[in-house]
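The same chain A turns up in both complexes below, where it pairs with chain B and then with chain C.
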Partner chain A sequence: MSESSASSTPLAAQGLWHTYGERSALRGVDFTVETGSVLGLIGRNGAGKSTLIRALLGLLVPSSGCTLVLGEPALQLTDRVKERIAYVPQQPESFPWLTAVQMLEFLGRFFPRWDGDFARTTLSRWEIPAGRPLARLSPGERQRVELIRALACRPDVLVLDEPAAALDPVARRELLREVALRAGENGCTVLFSTHIVSDLERVASQIALLHEGRLLLHCDLDATKERYARLWLPPRHAEAAPGAALSRRVHGDGSLTLVVGRGARGEWPAAVQLDGARLDALGLEDLFVEIAA
Partner chain B sequence: MLTIQPGVPEPIYRQILEQLRRLIAAGQLAEGERLPSVREVALAHAVNPMTVSRAYGLAETEGLLERLRGKGMVVAAQSTRTRSQSERLALLEPPLQALARQVQELELPAELVLRRLGKLLGE
Partner chain C sequence: MNARVVFALPWRGQHQQQPWVMALVALGMWSGAALVLHTAGPRWPAGWLAAGVVLAFWLAAMGVLLGSTIRLALEARRLCLPGLERALAVSVVLKAVALLTVTAIPLGILSAHPAPLTELLAIGLAAGFAYAVLPFWVVVLALILLPLVQGLAAALHWRAMAPQDPHFVVVCVAFVVPAVLLSAWNWRRVLKRAHGPIGWLSRPIMLFSSWTGPRSSFLPMSTVLSLAMGRSGLQVPQWLQPQVALRAAGPADPLRGLRVALGGPHLPLTRTSLLRRVGAPAGVIAVLALVNLPLLVYQGRVSAVVRALLALVPIFGLGIVLMIGTLMRATHLLKRWRLAGGERAVLALLPRSGTPTEQAARLRRVLLGGNRLRQWPLIAAAVLTEALFSHDLNRTLLLALVLGLAPAGEAAVVYSVLGRVSVPSWGYGLMTALGQGVFIAGLNVVTVPSGPALAWLTHAVFAGTMLCYLGFATLSGLGRRALRNLPHPYLGLS
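Let's turn to the complex of A and B:
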């Protein structure tokens, strides 16, 4: 990362490794999120998504590697950068003794761009009990309060860890709308992890697939859909399978399923022309399952 | 006006572009008709505004749409003469090819499929 490009990059990681005891959660992740992009981070449970997010934001000290937030080392962020980022963890725990209204009023004072109207109207739209301390809200209500807090501070960088888990379909759609508009119109950069792939397909401009602590894929969402496909080869052509495939499964009868990509000039591997071969376009969910299964 | 299916292999910008091609070719969107703004489409479908503007931009390059100051995107003049029959048929080529492949895979006689299609078309 050069000094000049790093200062404008919202989130960047280089050579990130992290282990919990014996278990490696991250195994050498290099990663940047560009300004104004909406990056959807997908991966199975335990793939390392939350660890990656926490390391990116400086909330955990990685075993090795470095991360930058808006050009500053994530472990030594200044207030100037902190007020421009918002993060919603999977299980929020801050200020359990305050009610949602008290918490938002308190925190709002620290953010110069705080949108109090948005906070008030969304609290009632998302049906948050007004008089109860946060500790006594359900996990879903608690996460909704945190999403309101994160959106109301009008951040330049918004990081959401599994935001969809706590929302019903209507509120989820509303959240996606907010995320899409802020990125598309205000240049807000968004990183969110999810395993609800259809949410990601609506709003993400980029996807990153984390599998067993490694990034297997990180590219433009539309390009991903156009570039990769599933190739099935009958047993008699198994020998002719292209070497460069994202995934490869051998079936009981000797036939093969591969995820193959187009070459530099948009051409498919030669094997797709073989008699009996079939090539199927892949939705993101199928691609995810093929690669991560 | 538009239908968006996030789960299918076809990227959303392509789904929008294909629908614009069909609606304009069939004359369902008339010359000079105003399209919903990028923001309106993005809000209605909870999709990224950049995806919508990419589709609009491509449609503009193809001459389907034009950008009018103060009015946003409208259906372009030269595309308003409804396209020739062969041009409209060409737009059906991808789904027809997909259908032909499935018919072969299912080993169905063409006659049977054509009869059913005829019924769907109200013949």
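Let's turn to the complex of A and C:
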């Protein structure tokens, strides 16, 4: 990573490995999030999404590799960078002894760009009980309070770990609208992980697919349909299957199903031309299922 | 379900390592008791009683564990699991009988007093079970009335309360039968209300810490602690909810800000809230004093009893308050630091909160520096009381050493947590069990009349205390060193 590009890149990881005991959660992830993009990080449970996010933000020490936030090493962030980032964890459980109003008032004192009006009006608009301790709020209410906290500090980089997991459809729609608004009007860079493909299609400009700790694809959302497809090969051509496939399934009769991508010059693998081979376009959800199943 | 599965059922509701730890402790206690009975002889006529009392306390702890399976039964009822409730009830009865038999038979063979020993053990087991299963208010009432009954028995010269008396069996039956029957009745009553709210009137102490799920606490004390802390205030009545003093907490006053962020026992409270929270336990103490003191006066033995009480109550009381406070803070830190989505992540990314070195120093000041006010006055008061009443330098020094375990143990937990020293849950459990054991044994040694019979216990307490100090110092050292090498102190345990 060159110094100039690194300092302008909101989030970057290079050669990231992390293990929990015997289990590898991340296996050599190289990853950058471009300025102003809304990147949807998708993957199955246990794929390593939360670990990647926490490593990106310096909340854990990776086994190897490095991560940068706005050009600074994630484990040694200065106030200059901390003021510009916001993070909402998958299961927000912070400050259960405070009420929503107390928590926002307390944390607001640390952020110079804190938008108190936004915090107050959104609390009231989202009908969060202001005087009740956070411990007594429902998981959905708790998640919304955390989202208000993250948005009220007017971040340049917003990182959300499965932000819609506990939200009802209405709240989810509002959240996505807010994310799209922040990205569109303020140029905020957003990284969010999710299982819900429809959410991703609604707001993401880019997607990244993490599977068993490996980043299998990372591209523009619009390009996925063009760039990836499902290739079925009859048993007699199984030997001719391309080596560089994102997934490979062998059926009982010896036929093969693969997810293949276009090459550097936009061409499909040669096996597509074989007699009996079938190439199907894939929607985002089908692509995810084909790769991650 | 076969008999083996039914018998092992309650253990399935405990932490995985708990049965092994319990078995080890049981082995130690049984061996100790057997040794006392074997060696006591005529030089220590009350040796059998000492062994019996210690083992009765042990069986009381086992009774609490058996009673704590009410959580598992409740979950079984809520999940509509067929047969589990009945199997649990059978298993609890089988285990209680087995525990009593396995403990009483060898003691009976070794001792010349098998009947009163068995009665003592039965009382211990039933008391522990009732403590876990009876409604909380009944347990509190019983604890208040117990000294009253003892005082009354002394005033009326009713000797049947003493295990040496041949009529002690009447006391045993009068206690055990109602305790078991009432516990069984409340067990059924709680299960009947499984699908709705369980009111304060019938809720046992074990169900106050319901957030831990069907698994029971590692030690009975943990349940009391959980109750004292409440789940972030969930179970505490509205008027006792902590009112946070947020004024100036933030970059202007980072230490106060950190106390708000760390919460629990570190939370800065408003004056009113502080008064309410201190007032409630003070009220309970006042009621206890009001109930007991007139009776002591009536006995006509005021000077002797009051003198004994003046020494024993403050030392024991201060020691227990010290221990509970320490465990509360350590448990709170461990719990919060394990959460990936807790305040640790917020603090790590909070601007204007200082450099990592400053953050670590502030954490140390809040987590340990505050102990100068929380712990040292209690230790000083207890040691001074001991010095005034015992006039025995050795005992006073031993008390100081034992009480010093509280700050040393807390420092070990704080440094190991902040420094991310890998200590498994059972390691903390074992450390707590050993620390608590030595602590309580130490308080006993310095408050009961000394004599040659207790010399071995004094030496054992001294050795145990030194062992604890060694363990705590090692853990603190490892944690300190690791903390210095971490990029920031909010990396946590997960």
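We adopt the following convention: the second predicted complex is superposed on the first by the 278 of 293 C-alpha atoms of A that agree within 3 Å, B and C clash if a C-alpha of one lies under 4 Å from a C-alpha of the other, contacts with A are read in each partner's own complex, and residues count from 1 in each chain.
Just so it is clear, contacts are C-beta pairs under 8 Å (C-beta built on N, C-alpha and C of every residue); 3 or more make two chains touch, one makes a residue touch a chain.
Since this is a predicted model, take the numbers as computed values, not measurements.
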| item | value |
| --- | --- |
| Partner chain in contact with A:Arg202 - chain B first, chain C second, else both or neither | first |
| Chain B versus chain C as contact partner of A:Arg136, first or second or both or neither | second |
| Contacts of A:Ala180 with chain B and chain C, given as first, second, both or neither | first |
| Which of chain B and chain C A:His251 touches, first, second, both or neither | neither |
| Partner chain in contact with A:Arg54 - chain B first, chain C second, else both or neither | second |
| Contacts of A:Phe111 with chain B and chain C, given as first, second, both or neither | second |
| Chain B versus chain C, judged by how many residues of chain A each one touches | C |
| Residues of chain A contacting chain B in one complex and chain C in the other | none |
| Of chain A, residues touching chain C in the complex | 50, 54, 57-61, 75-77, 79, 82-83, 85-87, 89-98, 102, 105-107, 109-112, 133-136 |
| Chain C to chain A touching residues, read off their complex | 231-234, 241-242, 244, 246, 249-252, 257, 260-261, 263-264, 267, 339-343, 345-346, 348-353, 356, 486-488, 490-492 |
| Chain B to chain A touching residues, read off their complex | 4, 6-14, 39, 42-43, 45-51, 54 |
| Complex contacts: residues of chain A adjacent to chain B | 38, 173, 176-177, 180-181, 183-185, 197-198, 201-205, 221-222, 225-226, 281-286 |
